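Multiple structures follow.
In what comes next, chain A is part of two complexes: it sits with chain B in the first one and with chain C in the second one.
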Partner chain A sequence: MTSFHKKSLSLSSINGTKLKNNLPYISSGIPSLDFIIGGGLPVGGIFLVEEDVLGSYSRVLTKYFLAEGVVCKHDLFIASADENTEEIVKELPQVCTVPSDEKVNELSSSEMKIAWRYEGLGQVESSFGSNANFGHNFDLSRHIGIDTINNCNITHCRLEQNENNLNSFKNDLYYTLLIKIKEGLIKEEYNINSKNKNILRVCIQSLGSPVWMAMDCDHDTNITYGQDLLKFVYCLRVLLRSTNAVGFITVPSHLFDDDRIMKRLLYSVDNAVRIESFAGSSKETNPVYNEYHGLFHITKLSAVHSLVPFIPPSLDLAFKLRRKKFVIEKLHLPPELQESSEREQDDITAIPKTCGGFKKKDIDF
Partner chain B sequence: MTSDLLTSLQLDKTFDSSRIIVVKELNGCDSSFITSCVLGHCVKNKNAVFVISAHHSLQHYHNVGLKMNYNLQKSVDSGIINFYDVGEVITNSILDNKCLTSQEIWLKIKEILLEMHKKFNSVNVIFDGVSHLFDLQLNIRQVNEICKELIDLIRSLSNSYLILQCNVACDDDITYVLANLLSHKANTLAEVESLSSGLSADVSGHLNIKYLSNKYENEHRYIFEPRSAQYLFKLFDRGVKLLAPGTV
Partner chain C sequence: MSLFKLKTVPTLLIEDDCNKNILPIITELIGNTDCILKIFCYEQPVHCWQSIFKEKSIQCFKEFQKEDCTRITDKSKKVICIIDSVNQMALDMSWDECLRNIKNLQNDCSIIKLIIVLHTDCIPNASKLRVNLNHMANGIITYDSKNCYKVSIQIKKNGKFFKSEEMISYDRMASTLKLTPIVKADKKVQEPEKISPGNLTTFKIEMDQTQQLEKHKLKLPYMSKIKEGQGKVYYEPDAVDDWDDEDPDDDLDI
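== the complex of A and B ==
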């Protein structure tokens, strides 16, 4: 035995975290999302999700993030101005105990007889993070029991407008929320140097939605539009960065008519993704996308405590939501299985005119 | 692995007068690698640096520094490097429902800088994340005023340099206007830009360095358009490698 002990070992003692670059990372609740953003969400950082138009998938992401927190016994702070946060907590999915379908399909060890040349090749896998043992999968059809929820340390923050005159913010919702987060962070557990550490998952749903913007728009000029939102996110970044807390924000960016707001917001956050759901768009019926529910865009990846940012294997990503899994995959075209009827000899319209045939353009319908 | 970058920014040479280096971050690129390289150079040569940071924390630079083989925290403790987290100061004032004026922000910066200058012969200054001042609801006039005062002060102190890092959100944004205002006063302009086609494991981005002050020097008097140096850069844990375009 030597007396040498790696200093970083003490840091990894928080439940549900892993160390990377001397910084704890937590899981977002979706193993494939953790993989594409470089191993999870860095503690002290902000993760931003640009909501899909109907907001249904971003809501699922929020639920996964919170459910993962419940499973890992992290503390939760949930804020929303649009809906009752207690309703969100009631619908948190339960963790899957049964191994997922993919694990059953173990690689067969038998030798290939015909296509033996392909034996040495690794299995092509378009979905990410399925063999990582960090994070959990959740079953959306079953909800976490109320007893478990009650045992968790959850802070609800229901925000309501007050007519306060503030120097720092025009919209007092932002100020109230910042103060509440600051009060929540006072606990010794969230101090990075404390011995008995725990993670605080700060989740803000639909930040900057019309309820938040209403006060911003009161003024005569349009110049200040979105300013409070930018200020809030920056202040949140400063508040969180030296603590054991992680910010998870969903923003309905499709409602902003000024796209500069989003570009400037991205500068203040650490990682950001955008969900583009096919629901209600023309892509819903496009055969290319029929395997997926939407596209998944990575809009920002930053290197925290390191110079080199994570490079995901692909930026063409799509997602599908199954009952027991939210899968993010490399977008690929569906296999061509049907026999095509487009062959020239089958097409009666392609017979040359000289043989009594007719041209396509002669057909009226 | 940082010497290429330091040479191209001319930080390894000594100049008689002070110099202003503006770093423009385009297309969401992060230029903190320049700060880390410069800090490493200064720590090794025992040059005093005043870091005004609005974007990254001291913890970030310290951890990056450890990988690059220098201990920033030690230098901060010894006083040769002063790390002033302007973002935290302003955020705390906002949480107290006060608003710091640009004048107050500047006076605090000036006070620390002059104090450092009394102790050390030359003090280099790095201002990280100037564009965050807009997020904190300062207007272009106020931000420009702070930068102007800082530039004037650095010019009055001999033999030091000022690095201003300014993120440009998009072309029609106020951050773009500020970056151009600052470039106008710069001796050297470095544009860092991430690849527009996506992310690559081989190259991290483009680095375009323009030596704007060359036109005032005798040897470049008859050159109409000063040539800029264009590189590709790749980031490593231990530093940054500059590559000539097309040589990856």
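== the complex of A and C ==
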């Protein structure tokens, strides 16, 4: 008798990962972000964040990603051409002590005395992933101690321009970074078939910032603009694909004057999101958004080991940053309590001009 | 207020065009510090700057050289750098190199202030230069192209934007500069009153404290049985039950 057996690769579980479709996933450090992109970041893939204009929220995302790695004892690889990566590591947030779920109990304990029909409806949940036990919440006001950081395996990559340019990239920075990442990946732990596995979190901060792109700007023609960047991300994807590494890239896409670059970049990454902060925009004072700090757009979700990508519960997402939590929520409009004159049914009574129509006020009861 | 804020900004970009005099604002921003001034003069001749800042220790360079940056005699003194103008600098070297040098100046911890002058009417490399500089600067002063006295100020700090439009006035006798914010004709968008649901109804919808207490005291007949665990109320939706998802006034035809 034959029977069908699922071919399992005998994946020994790695700390801080979970399996989905037989593929390990790691947490981004934000439970609600993990939820909306389908359970986390697939190992061997690239996650791209389009930065907000001031870059402050994307920085927070980067810190969460790295801090989660420290908590799960993953190895880190941090690269930046703009700032000192050691400064970023110094400011990593400490993990929150798990808040007791008293609040949840409190809500469910108040049973209904009348109107039972609504009892089974359940609470409206606008924030996601609050009950998942994957990933951690972090306290931004407290930093991870220097001893813990020193115990971690962190590779810093401070990119400086040097002149010898003997590769296919115009800007030498890209080549240097690729080589550095390749060297980092040689370790046996990152091989998917090895026994003693660990995850490498590769974080590239502000890829495509002026420092990266300036060389493309010297020509008036736009043909070469962004070519290096596209090539780099493509190469990076190939490098990471069959390893236990995850790429986390932030890109200041608002600086690109050709939005096709961003669209082409999306083809070379697995998941991508865009942060739109309200700081400095007209939306800052809009009462509709006053509960949130910005909008959260999902720009790409790929179908890894499946036919269709994960479908998030909503695409109208907004985020707010709390001291102990970065929450992504379904964007709710505030309740309409006002009796405004612009309601639809009022309009109908106001303009029955044709066919001898009369206005409501013409009739006197 | 905004002048004080501008003085604390580490990287300041001044965007002007021809017919603008930015000297008053630069002298005001530098003030009476005992910092060393380093000026990379691409436009005005060196002696021009020297005559402006007579009392200060000033170093002028005709062109930007990497060595000039590191060549500081007194390490304890802080440095203020001025680039006049970045347009010429970008033409002189490549934009890539220019940017890298600005970046280095920014990262140099002995430099407390970097002032970059950009002429918006003759920017090489299309618009990218301006976009990139705007991204890198912490504060931007943009001169209005029509009104010489009008500037718009943008300061980025701690993840927040501060924006304002101001008029410059310069007192020649006291040689002091003043910035007065342009107060826009107040539209007085009347803050709509907080509407509570209680005001919308013709009856009293809210409960006061005594009523709330009374409500809790009230014993519903079936609750005692439920509490004992003997009974349970089952709710079965009726066939004609509607879930209030349609407009109840649908049939009114108004």
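In this section, the second predicted complex is superposed on the first by the 306 of 365 C-alpha atoms of A that agree within 3 Å, B and C clash if a C-alpha of one lies under 4 Å from a C-alpha of the other, contacts with A are read in each partner's own complex, and residues count from 1 in each chain.
Here is the rule we go by: a contact is a pair of C-beta atoms (placed from the backbone, for glycine too) under 8 Å apart; a residue touches a chain by one contact, two chains touch by 3 or more.
In this text, all values refer to a predicted model and were calculated from it rather than measured experimentally.
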Checklist entry - Looking at the overlay, does A:R241 come into contact with chain B only (first), chain C only (second), both, or neither? => result first
Checklist entry - Which holds for A:S302: it touches chain B only (first), chain C only (second), both, or neither? => result first
Next on the checklist: Which partner chains sit in contact with A:V288 here, chain B, chain C, both or neither? Use first/second/both/neither.
Outcome noted: neither
Next on the checklist: Looking at A:P252, would you say it contacts chain B, chain C, both, or neither? Reply first, second, both or neither.
Outcome noted: second
Checklist entry - Who does A:S56 touch here: chain B (first), chain C (second), both, or neither? => result second
Next on the checklist: So in the superposed three-chain picture, is A:Q161 touching just chain B, just chain C, both, or none of them (first/second/both/neither)?
Outcome noted: second
Checklist entry - chain B or chain C: which reaches more residues on chain A? => result B
Next on the checklist: With both complexes superposed on chain A, which partner does A:Y175 reach: first (chain B), second (chain C), both or neither?
Outcome noted: first
Item to check | Footprint overlap on chain A, comparing chain B with chain C | outcome: none
Item to check | Touching residues on chain A, where the partner in the complex is chain B | outcome: 21-23, 166-169, 175, 178-179, 182, 227, 230-231, 233-235, 237-239, 241-242, 259-260, 263-264, 266-268, 300-309, 311-312, 315
Item to check | Interfacial residue positions of chain C with respect to chain A in the complex | outcome: 94-96, 99-100, 103, 125-129, 131-132, 135-136, 156, 158-161, 163, 192, 195-197, 200, 220, 223, 233, 235, 237, 254
Item to check | chain A contact footprint on chain B (complex, rising order) | outcome: 28, 30, 32-33, 36, 55, 57, 59-60, 63-64, 66-68, 85, 87-88, 91, 93-95, 97-99, 131-132, 134-137, 167, 169-170, 172-173, 175, 198-201, 204, 235-237, 239-240
Item to check | For the chain A and chain C complex, residues of the former touching the latter | outcome: 54, 56-57, 82, 113-114, 116-117, 119, 161, 171, 209-211, 213-215, 217-218, 220, 252, 255, 257, 277, 279-280, 337-339, 345, 348-349, 360
